[in-house]
Every structure is written in C-alpha cells, then in structure tokens.
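Both of the next two complexes hold chain A, though its partner changes from chain B to chain C.
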Partner chain A sequence: MDVTKGAEMSREDIKAARQAKKAAKKSKENKKPEQKEEKTIVPKEKAQEQAQPKPAVVKEPVQKAPVEKIEETGSTDKGKVQQKSSKELKEERRLKQEAQRAAKAQKAEQAKAPPVIEAKPSKSVKAVTENVNKPAKPMLTGLARTIATMARECARIDCNPDGVHPAFLQLEARMQSRLLEGSTARVVGLMRALRSVINDYKVPENVAITRDLVEHVEKQVAYLRGRRLMSVALDHAIKSLRLNTLAYDVSEQEAKVTVNAAIDAYINKIEQDMQSVALNLAHKVKDGALLAVYSYSCLIMNALKQLFKTGKRFRVVVVGSNTHNGGMTMLSQLSDLGVECTYLLINQVNFIMPRVQLVLLGAESMLANCSMVGPAGSAQIACVANSQGVPVYACCETSKFSYDSHQGSFFKQNELEPEFLAPQLKNMPYMSQCSLRCDVVPERFISAIITEVTILPCSSVPDVLHSPSSDTVLKSRTT
Partner chain B sequence: MKSRMSQFTEIRNKLAFNIKHGNIQGSLEVAKATANFVDLIASSDGWTVASDLLKIVNDEGKKLTTALPLHATVANVLLQLMHIIRAEYYYAVNQSTQAVQRFVESCMNCEEIQEKKFSAQCPGLKDAILDHIAEYKTELDLSVDNITEQAAEQIQPGEVIMTIGRSSIVAAFLQAKKASEHFSDFQVVVAEGAPQCEGVKMAELLAKSKIQTTLISDTNIYSFMSRVTKVILGTNLVLRSGGLRALPGAHMVGLVAHEHKVPVIVVAPTYKFSSMLSESHRSDNETFNLLANPQGVAKFKDGIIASNVKVLNPMYDFVPPDYVSQVVSNIGTYGVSHMFTAINELYGAVEESAKDLKMAVV
Partner chain C sequence: MRSNEYRVILLAAGSGSRMRDITNNKPKCLLPVGNMPLIWYPLSLLEREGFKEVNVITLDVQHAEVKKAVDKLGLKLDVKFHTIRESDDLGTADALKKVAICGEWKEDVIVMGCDFITDQSLDEMIKLHRTTGAGMSAFFFPSIPESTSVPGPKSKIRTDRDLVVLDKHNRLLMLTSAMDHDENMSVRMRIIKKLGRIDIKSRLTDGHFYILDNRVWNFIISEENSDMSLKGEVLPFIIKQQFSHLNKVVHKESKGELKRLSVDIDDEQETEETHKFFKHFTVDELQNLTDLYNGYNNHPDSSYGRYLDDRLRCFAIIAPSGSSFKVNTLASYCEVNRQVLLAENWERFAKSKPLVRVDPSCGSKTRKIESSLVGANTQIGEGVKIEKCSIGSSCIIEQNVTLSGCIIMDGVTIKEGTVLTDCLISDKANIGTNCNLKSCLVDAKFSVPSITESSSKILSGVLMSTE
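This part shows the complex of A and B:
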C-alpha cells in the first residue's frame, strides 16, 4: 500500500480500504465462474434481437450461425455473416483443390525422385489427406496472411525432376539441407555440377548445338529456380559462361571443350577473387584484434585463413544461430586453424559487442539501392554493432552486385525455411510460423564493402554496376 | 536469543534451498515465500521495539540475499517490507498521516533514517505491522489482476505486438485484452528466444487463447519489426534508471524497436522493481549477470569442437532505459524517466537499506 497516498485519509479509512481489498479478492474468486455464464447468455440475446425484424424464411440459419460467429470473429452485421459462410465454403473448396493438386505432384515425383528425397513424399501425401478431412482453419488476417501467402507461393512452384541431371539433383539436396552454404561455396558447387552435365551431354540429331545446349542448361537451372535456391551470384555465373555465343558450326567435342574451359576459368576467377578479398581485408584487421563473424561464409573463412597464415594474430567471436549450423561450421574450421575463438548465439551478441573491434558479414549480394543481402540475422548484428560504434564490413565480390533493389526482407526471392521452428505446432489453429532465409541490411549500418577490386563505400554499388568496364553480359536484369 | 536465531536460521536455510533449486517456481512465488518469512519473524515474540524487529529482519535478510545473489526479487520484497515497518512505526509514534508523508519524503535523505532510532515503545505496533504485511501479501496475490486490468487501454484493435520468450504476465496481459471485448482484433509475433526457446511455449499458450500468433526465429526480428506496432516485454528486473535486466535477446528487440520507432512497453509488478541503478562493469558484475551452462548454446554433440573454444551463455541481458517507453505495474503505469522517483518512494531510503542488505545499489 502506498503510504504517501494515505495523507488525506484517516486511520479508519485505511483500515476500511484494506477490508475492501480483501473482500474484493474473495469475491473475485467467486465471480469467475459466474462471469463465464453471463458471457454466453449475452450473445444469444443479441442473435434473437437481430433475427426478429428479418423475414421468416431466412430466420433459421441466421439464428444458429451468429452464436458461434460472434464469439469467434465479433461480426454482428448479418450481411457479413452470410458472406463469411460462403467464403468459408470457398476456402474449403480451395483447400481441397490444392490438396488434390499437391497429391498429383507428389505421385509424379515419387516415381522419379532419387532415394534421398523418397522419404518425404509419402509423409506429405499422408499429411495432405489428413488436412482435407480437418475442418477449415479460422481465416488469417494481416501479417499471418502475408506469411501464409508467401509459403503457399513457394510451395506451388511446379518443379519437375524429369530430365534433370543427377548432379543437379544432388546439388539441390545439398543446398536445401544446408550442407552447401554460403554464396561462393554454392557457385563453386554449381559450376562443378555443370561440368558433369556438359560432359554427359549428347547433342540430338539435326539440332543446332548452341540453342539446344542453352535450353538443356536452362532446364537444369530451372529446377533450382523452382526450388528457390537461385541467387544473384549463381545467375551471374551461368551468364558468364556465354553459352549463347558459341559458334554455329562448332562440333560437339569442341563445344564441350570450350564450355569446360569457361567453367574452369570461372572457378579460377572465384578463387583469385577470394585471395584479393583476403589481401584487402588485411588492411582492416590489426594484430590482436577481436573480430566478430556471423554464420558461415566461404569467402570470410578463406580470407581469415590467409591472414592467419601470413602471421597476423587475431581472435574471433563466432555468432551462431539456433536455426542453422553455419556458426558451428565456421567455429570448427577456425579452431582447427588454431585461432582463439568464442561462440555465442545471436541473442547474446550484446554481451560481447563492447569488446569487438570489427564485424565481418558475408554477403549473398549487394542491391542497387546499396543495401546488403545476407543470411537472416545480419541486420540485427549490424544494428547492435552500429549502436556500439563497431564498424561493420561486408565481404562481397563484384560479381555479386545486382540490379535488383528492394526494401525490407519480404521480397519474392526470399524463401521461407523448410524446417518449421516447432514442427509439433504445425497445424495448430491461430498459429503460423515463419523463418526467413535472408535479411536485407540497410546501407547506414555498413561501413564499407570489401571487394576483390578494392574497399568500397556502400554508395559505390550503382557506380560499379553502370561502369563501362563492367561485364555487358551481366547487365541484363536477373529474374 | 540464540535459540530464536537458530529457529529462523533453519527456516531461512530451507527457503534459500527451495528458491535456489527451483522448488519455488516463478518470481511471484518467490516474493510470496519471502513475505511469509518476514511475516513469521514479525509475528514471533523476539522483539518489542521497532528497532529490534528491523535489526532481525536486516540480519536474516542479509544472509538470505548472500545465499541468493541473483534472485533480486527476494531483496526487493525485503526492502519493501522494511519500509513498511518503518512507516508503521513512524505513524504509531506521531499518530498523524501528515507526519508519515513527511517521513516518507524525507527518506530521500539517508541521514534522516540514521537519526531515527525507532526505539520508542508503541502499543499496538505489532498488530499494525502484521496487518500491513497481510495487506502486502494480498497485493502480491492481486498483482497479476491489477496489471491485466490495464490491458484494455494499452492495446488498440488492429495492433501487431511483438514479444520474445515466455513471460506468464505478458501472456495474461494479452489474454485479458483478447477476452475483454468482442472486437479485440490484434496479432502477436513471438520470437523464439534462444537458447531456452521458451517462445514456442508462449506461442502455444496464446494460440490456445485464440490470439492470432506468428512464431518467428530470433534472426528475423529486424525483418518483422517494420510491421510491428508495439513491443511488450516481460522482464526479470526493472532497474532504478528505468532500464531492465531481462532475458537474452531483449536488448536486441529493444534496439531494433528503437530503430523503427516502435514503442516498447514493459509489464512488471512491483516486486520486480530493483534497487540497482545500472549494469555497471557489464560482464564482470557478479550480481548482474551470470554465465550459465553452455549446453544451451553448444549442444553436446558439438562437444569436440566446443572443447577448444570458449562458449558463452549469459543468462541476462541489459536493456538501457532509452529503449523502453513505459512500465506497466500493479500500482500504475510509469514513464521510464519516473522510475527513479517511483522506486525511491516505494522503498524509502533505497541506498541505505540496500547497502544494509548487501544488495547492489549501483
């Protein structure tokens, strides 16, 4: 009891107030069962009042429906109630149709899918049939609806594994399960898979090799695109092979040699770029510095390896996340090197941030509006670092600069993680789950971009994209 | 005297054991248990004059807080009850409420406390004190209800509310708003809250109350914040500066909300108001933070890697007062800048009493 408020009241008043409090507490315990009865009585009365002025024909269905509707949705307008019931029917129909469509697609996959993926279709067919029998879930609104729509769009993309080379199927599986993680690693993986595709490729009779080859490769890539695993770096890699500029009269053997050479050259270029980035990074990392890195990045790992071998002694804080293993992979590789490491989760990064000298973030790509796309969580780390005055460097080769430009992380190519956060709550009504894969880090959090050419400020991204010396092939927009 | 001291010692040790080993779950239960303990002391025959009682409570309290350095709820309840005892004494001596008010205001100066010897004999003092302590215990029982009554004003229809981890008071707050009107159409986004991942249970709780919930990973807090209209946090402690000692991730949520200019509301009953001012010395401060078992951060199967590196798992997070906009408690809603005065009024002579109890003050 706040004694200061007792100034005006006398001693008796204080005692009376205490008695009243005790009585209120007792009455509250008795009131609770009564209140529940009152609530159910009120809506029924309201429904009867509504039903009275309406014609007799429509009376019956309206009387029954509002009793449940009011408790759930709070809509008292009779017209809205009728519309909602037909909407619900539409929803049910739509769900059934989708279920049937999904069942068809699953059957088609079942026949062709390699053993790795075989375990999934049977489970999902079961789940789909179960869904059809369950009653329609309450309508989603607002944010939950956005997420559900995104998830549905992701799932709806029809990607047929017919005619896809096993190397690409394997690649897709590795990327999906995050065995192959990080932009650069994925590009190298893609290039290697492409090499096996080219080697196994046989030109059909009487067809121009260039056109057929381009289509063949595009088909493989479309599978990845359907699985939402394509990124800017991968797109650029494919385009740089210049498959559509092969000479018309070249023989199959020569074409294969040319393309393989292009692939090798590209892989070499990637490795050279990684070395250049390492050299540029050396300017920023001082001896004895404490660096922070987030999740796995092939580029940063390589750069740190180089620095360590040239004798620079630094310590690293690896920030991991609960949802993927990138942090642990980075941690194991660094500690194998012999670097002194600390590990914590993204939630606790505030604990260590005052001691950190710089933060290195691996970029998925740089957007034309100068923001960085990185693994989910990068924006938060950059934000915390910014608030503590710690510089944040994005490590990104110029081949990952993109013409795309969007605000915020809800963009079309940002896929939702396949694993649910809490799989046991997957089908619970009123519940939706969302785990985005990528994050857009605003320009103001990033101090500089470390590229293979030089260290650039964020605002130079459009200059690099539009410069006359940049690859004309890459100037076409990515889809 | 010694036999009576040993009587309290056994009870005190049992209480400390129960709290430390989790037999008493939740801050409310801990607060109630501490209040019962002080009630026991006050109703015993070991004291005749207020200064004796204060000395016994102080001694027992000091040993209790030494045994439980991180359970600040215990210290908060002790501070509150000691203030109640002093106020009751002062009233009994002066028989006027105006004098009590002056006394409470003068508690801002610690020398006044030392001047008051509290040694005058007052008939009926014991009953008055026991009465007041019983009232305090009722207040504890009603604390959640008093907070949830304010839910209707704090949340508007159509809002998207973000929270992190699991807090039973925040859950009750949201459920109360949902139950209050038919048109309560708001949504909740719950961040997981690694490493405990209690956010999953929170989402389940809310979804069962028919609140549209979205469970997100901690890594997506920045992405979702642009769509959030309010953040409601539960906390372990509210500090005198208005900052918080909360679960890991709270700092990040507060910071990101600050970036997006989203208001942050903290829901905390009075037994979470602490005498601590700030989190000085950050990670070195033993009474502020604790590095818990790294099992939550690095799983056992990663042990081969983890044995060569330092794995950190701090239990609490400091949220600076800049990121918080208001604190909703059972005695009303406070703006963050008012917390210092509010806590001083609540506990009277905070710094002096806290030092006596060997609690952190700064």
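This part shows the complex of A and C:
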C-alpha cells in the first residue's frame, strides 16, 4: 500500500517521520493518509502509539481529538493485557491503522486540500494546533480545485518579460485583458508584433541568421505560450512564415524583406479566405432568411456584409451574452449596414429558435474529433438549434483546424475571462468563480462546416488535416 | 526589462516659480522632503519599477549641486545628465528638444517632473498605455484640499487648477488650466456629440507624468512643434487632435462610408498645425486591421468602430486620494512633509528606505521627540520638545526650545527658549533666543533677532512682496 501512495505521500511521510522521531524512536512504519485535520491527530496519535507499549502513558489521551477515541478504547483493552510483548502490541496496532488508513484513503483522494492551504511543514505540535485555530478555509474539491489551478496558471506572472520585444508585451497585455478578441484579430495582431520584431532585429556577429532569427522569434512567442495565449491559428501563422527555410547565407536586409513579404502574403491570405468563406456561405443563405448569429465573429460579419452588398436580403437575430459585448458589436455593425437585426440574450434563444432558418457560429478552431471550439455559449445555441431542427453551420477557415481533440468544456488550452462577481461576493468562503472564454460544440450539433475551400461535412475534419495538398502542409502537429 | 520599452526623462530644471520663497537659494529638485532631496522620490520610484537608466535635465548653474546630491543618494540607476542654459529660459518642450539631439529614439518616452511623489505602482498605467495603444497617457490624482495651512502670510492665492475632461473609459478628452480661461470654459460640440457623456473634473492634479507614444514624441521634438511648454501648450494641443477629422482610422473598404458619420467638413479645413501633427502620427496599417477584426469594442452601442475610430487616443489614470503629491507649491510642499512623518506613509512613499527617525549621530540627551525626523549631525540641547517636525542635518538646537509642526532645513541654528509653531526655516538661518514664531517662513541665511514675536509672516533679509 505504501508503494501505491508513492509520491503523494512522500512529503507527508517525511513530516510523519519527523514527528515520530521526535516523539520516540520507532517511526518508519507509520505512514498515514493525511488530510488537514488529520495532521493534528497524526503526531498525537503517534506519540500515543509510541508510548503504548510503555505503561507510563497518562497525559496523552486527555488531549486527543475524538477520532482517536477508537484507538483509545483499543488501548484500554491493551492496557489490561500488558503482559503481551511489545512486538505483539505493535503488530495489532499496525493492523488497525492499516484498516483505518484504507478507509480514510478514499476520503483523502476526494478532499485533498488545494496547494495554497496544504503545505506548511508543521514541525511541532504547537504549530499544528495553531493552524487548526485559524479560520478554516474550505477545501476545494473537483471542479473548484481545477478552476483554482487554472486561475493560478493563467495568472499574470511578471517574471521574465526580459528579452521580449515591446510589441509582444503589448500584444500579450491586450490579449490577456480581453481587449483583443477573436482569432483572426489575434493573428493579425501577432503579425503586426512580428513585423516590429523583425524590423528591429539585428543579427549578432558571426551567427547564422536563420537559426538566430528563429530562436529570437521563438523566444517572443514563448512569452505568449507561457501565458497560455497561443491558439491553433496563431501557431499556423507563425509556421507559415517559414522562418527556418531562409537560406543560410542570406543577408540581414534580405531576410527582413523576405519575412515581411511572408507576413504580407499571410495577411492577404487571411483576407482572401474571408472572401471565399463569404462566397461559400452564399449557397446556404436564401433570400429572406432569418439567421441567428452568436457574439462577434469577423468572419461572419464580413460574409454577411458581402452577401448584403450582392443584394441578398436577410434578417439577423444577434444573440449576445452578458459577460462580453461581442454581441453588441455585431449588432451595431450589422445595423449600420442596413440589415434588419434583433438582439437577444442567450437565455432567450429558445424563444426565437423556431423562427430561425439557420444558425451561423464563428469558430475559434475545429478539433480533430470534428467538434468546434467557439466563444463560450456556442454549445448552448447549437444544442437548442439542434433540438428544434435548425441547421447549424460552423464558419471556419482551414488554417484553424487542429489536431487536438477535447470533450465537452475543457480547461487544457482554455483561457479565463475576467472575473465578473462583485468584490463582496468574491471573498465568500464557498464561492469560486469561473468564466471561460471558449467552449466546445460537439459534432452532432453541427450540420456542416463552411470553409474557404468548400462546404464540408463535419466528419471531414481529419481528412483535411491529413491531406497532402499544399495548403495543408502547414498543419503539422501542434502541441 | 522596462528599459527596452521606455526611455525616461526627468525634468529637474524647474525654477520652482510657485514657491519662490524657498527656491530662491536652492534648486527645487533638492528641497528636502522627509530629509531626502525631492528628486530622490521619482528616482527611487523608477528604480523600484525596474528602470535602468534615466535622463535628467538640469539647469547649468545648478548642475554641479544636483549631480553631487544625486550621486550621494547611491541609487542603482544610471543617471545621464543633460544641461540647459538658465539664461535661455526654455520651456519644457524646448528642453526636451535639446535632449533629443543626442539621438533618435525608437521607444516610447516617459516624461516626468522631479516633484512627483507617489506610492502607486506604475504597472497599471503602463498596462493601460499598452493595451489601449494610447498616443499619450497621463497620471492624475485628487488635489490636496485648499484649506491646508501654509506658513507665511495668508494670501488669497488663486490656486492654479487643472480642468480635466474625461469620458467613462478614462479617455482624456481635454486638458486645460483654469488660468487660461476668464470666466467660462468652452468644450467643443464635436466631443459631446461623439461621446454623449463627459465628466469635467476640476479637483484633479496633473502629476506631470506622461507616457508618450513614439510618434507623438517625434512630433514634440520636431521643428513643426513650436510650442514651448509641454503641459501648458503642447499636450492640450495633442489631446485636441483626437477630435480632428484627420484622426480617423481609414480602412481600405470603408473610405466612402466615413462621411456619413461626421459633420461634413473637408480635411483641408483643418489647421495647418493639425496637418503637421498627423504627418508624424503615421498610420499603422496592421494595427488598424487588427482593430477592424477585433471582437472587443469599448463603445459597443455606438456605430463607430473600436475606440471610436480614432488613431490617436489619449488616456488618463486616476490614482486614489492621498497616494500622490506634486510638490510645486508651498502648500503641497508643507502637506507632503506632514504626511511623510507618519510611519505608515513613509512606508508607502519611500519603500526602499527604512525610516530612521533620529539620526544616530545626534547623541542622546534628554529631550522629547515625537513623530519627527532629525537629520545627521544635528545637535539637540536639553529640555527640547520636538513634535511632528522635519529637521535637517547639521542643525544646532539649543536648550528649552519647543518646535511643533516645523520644517527646518540644513544648517539652522535655533537659540534657547524659542518656540516655533508651523514654521518653515530655510537653510542656514539663525533664530535668536526666546523668539515666538507662528506660521512663519524664514528665508535662507537670515538671522531672526532675539525675542521676536511673529505670526504668519515671511522673515527675510530681502524685501519680498507678500503676493
């Protein structure tokens, strides 16, 4: 049993060992699963245990916590039969402990204290009792614990923006504060930052420019990665620059020209892709249709703009969410165009869905298991649409297709939005808040994917990813 | 890490024109606040915020003195001095031009005054500047109340108020001084039409701490900028340009659609200066494109684009009350000295330096010292009562003196039996025996004869006007 508990227990082992050594000189066998309260119990227990075989144990039992009474009763039994050898007594004791430990092990798994509260090495009993006397912070379990972990990882660590170019610092600041939303906007922002980096770059002496430039750019990008702000589209964008295929003997000037040209080419590609998606979308939108869109997507915005200009008339229901104003942005831009719009919050989407002909969702990326990553809330819309038989079209360029595959809402590569609870609610003991930026729409809710190449059925995502065509050469495996 | 992003300029050539009484003989940047020279505060702020080098502008006549004082401070900053001639009587913007001669800077520039004391971290302001892509960011804080007591005659000095016009996102729409207007202040209709709701604040002090975008900096140091004073003329001008028609973000497709939103004034009608400005404020195409696709919009209910389609955006950050001081008037000088004496405030403003109340070189005779700061080598006699005072170094305070709420600079001699309340005694002054001074200001090197009783006066060898 000890072996399986392995790494988790080792720190507690050490503590326990120390405790035991202090109390007496036989310690190594006693490894117990620990929760916070148990730390108070453990040293005392051991102190008692060790004292067990010795007849002169009077003071300890008085101070014990209730849990230990089990042992105490045991001990009184033993007290009677003190003729038993100390070895046998230890034997019985150990068996009892192991039984109790097994029972507690399960509880311990579930109610493991979060790292913040967890580990102050309590060397003395005094220190431990002090801990207990502090106002008890409830232990976070399951979801809450994951959120706390995630929040910590996403937290702004002001370490090491050392060699990072100011343009990247600015980019990161905007992305972190949610002032730069939408993957296309972020890609263009990245390109702008890269352009500044490239223009300011000076190749050091006697170093091959290719390798150094790649490293330099990678260092900037690593700053974004460290903040968990990298997404599929961003990765593809950087790969498309093909920095590592620069010729070895190229001069700094030429290299800059080449890379700048690559940046321009990529921006053009983005714009062209958006136009192609617009064309493909035209097949699906009939005159006079009522469309539903969710939050802001520049891809959809552009497509609808093109459609409107070519004379198609349609009406739009813009569904927005309380926490970010993407919906309002979409609404104001559409109404500027002259499109008839309605605005709803997501909680009313059920009401409007029977009247809607089709739903357009802008995608952040498409996953290898054919589900769509979109702004948080897309899954709800897709679900409601599905239940009412309304087709849902995901609009996504192929450059956003990814090898990852997640189920349901995922934390791994997600970002947290800024907190939305009022300050006085935030500090309540059992409260933790979580507002995720992205959301996964399962494959079964999506009718088709509108890409710049063609309109794909949902299950074709892996085919596109694996296809050897030149466009998809870029789709090497991301992290 | 901040160094590769910002260049810092510290303006220490001010003559302290609003505090002539004490700046006659001493450079403003060396006035003691809490027994540290005034310039120490902005320098230590920069040091703890991670800056590695500073450019300090001083007057040539004060250069040696200031350099010596700064070197004595022992900061890890690399301080580069630039001097300007006092006789030239340059304004702040002109002074900046002189500095800029030494090279073209690619970074954004921070311009700050030597009289700026704050306990706020610059993180928030820098983050604001970065995330909004601001052309200019400024730092404001609530002014000290006008009723603070000031030594010297009670004159009705019309305090020089700044009028700051902000919108709800802390965007800086207009910045003027109350002195520039007679009775009325006018706000352009364009501003109100575009924003709908604006706040005009008159109790905010401008800390003279600006972060300037590189393009704005290039304009300021170029020949096209003919204004002399940064805060008085140049910055208000720049802030006004936010509402020029040339300030539009122009996307390739939407050129034709622009006119529908604005009053139909042609670009040519904009003044020449505006054109000159926008020549420097070049367009960043990709930034515009980013903003076009951006899902975030801080004015979602307006039909304008991000940041209201403005290329140039000026922002303000407002610090909480009591967090900052601008020491350019006698009132603020006295107030900050008072505040700094409290231990918790000292902690805030002078983070790196532990509070040493009474310098150990002062010896230990019987005396009562409360809430005060005493500098090095000051001799304090017996029976002396000191309460809430800042006493400089090398002073001689003889026996039975009572000091309350005073600011005493270096080298002062106070003879026995004197009672000073709320006074400001400048360098090397001499106060005779058994004087009783309330709220007086004693000029440097002046000897106050014994048994003087005075209240709310300036005691000086030179006849100075009481205005």
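By definition in this document, the second predicted complex is superposed on the first by the 329 of 479 C-alpha atoms of A that agree within 3 Å, B and C clash if a C-alpha of one lies under 4 Å from a C-alpha of the other, contacts with A are read in each partner's own complex, and residues count from 1 in each chain.
Everything below uses one rule, namely that a residue touches a chain if its C-beta (ideal position, glycine included) is under 8 Å from a C-beta of that chain, and two chains touch if they have at least 3 such contacts.
The model shown is predicted, which means the values in this text are computed figures rather than measured ones.
Participant: Just chain B (first), just chain C (second), both, or neither: which does A:Val464 touch?
Facilitator: In the superposition, A:Val464 contacts neither chain B nor chain C.
Participant: Which of the two, chain B or chain C, is in touch with more residues of chain A?
Facilitator: Of chain B and chain C, B contacts more residues of chain A.
Participant: Applying the touch criterion given at the start, work out whether A:Ser332 contacts chain B, chain C, both or neither, answering first, second, both or neither.
Facilitator: Both partners.
Participant: One more residue to check, A:Ile147. First (chain B), second (chain C), both or neither?
Facilitator: A:Ile147: touches chain B, not chain C.
Participant: I'd like to know which partner A:Leu169 touches here: chain B for first, chain C for second, both or neither.
Facilitator: The answer is second: A:Leu169 touches chain C but not chain B.
Participant: Go through the superposed model and pick first if A:Ala103 touches only chain B, second if only chain C, both, or neither.
Facilitator: Neither partner.
Participant: Does the superposition put A:Leu180 against chain B (first), chain C (second), both, or neither?
Facilitator: Once the two structures are laid over each other on A, A:Leu180 reaches chain C alone.
Participant: Go through the superposed model and pick first if A:Ala222 touches only chain B, second if only chain C, both, or neither.
Facilitator: neither
Participant: Would you please give the residues of chain A that touch chain B in one complex and also touch chain C in the other complex?
Facilitator: Comparing the two interfaces on chain A, one with chain B and one with chain C, the shared residues are 328, 332, 335, 375.
Participant: Within the complex, which stretch of chain A touches chain C?
Facilitator: Interface residues on chain A, with respect to chain C: 158, 160-162, 164-166, 169-170, 173-174, 177-182, 184-185, 188-189, 191-192, 195, 200, 267, 295-298, 324-326, 328-329, 332, 335-336, 375.
Participant: Provide the residue numbers of chain A that touch chain B in the complex, in ascending order.
Facilitator: Per the stated touch rule, the residues are 1-4, 6-11, 15, 18, 21-22, 24-25, 28, 70, 72, 74, 76, 138, 140-144, 147, 320-323, 328, 331-332, 335, 340-352, 354, 375-377, 379-380, 383-384, 387, 408-410, 417, 421-422, 425, 428-436, 439-440.
Participant: For the complex, give me every residue of chain B touching chain A.
Facilitator: Touching chain A: residues 84, 87, 97-98, 100-101, 104-105, 131-132, 135-136, 138-139, 141-142, 145, 158, 160, 181-185, 187, 189, 192-195, 197, 200, 203-204, 206-207, 210-224, 226-227, 248-249, 251-252, 255-256, 259, 282-283, 289, 297-298, 302, 305-306, 308-314, 317-318, 331, 345-346 of chain B.
Participant: Under the touch definition given earlier, write down the residues of chain C that touch chain A in their complex.
Facilitator: 1, 4-5, 106-108, 123, 127, 130-133, 284, 286-287, 289-297, 300-303
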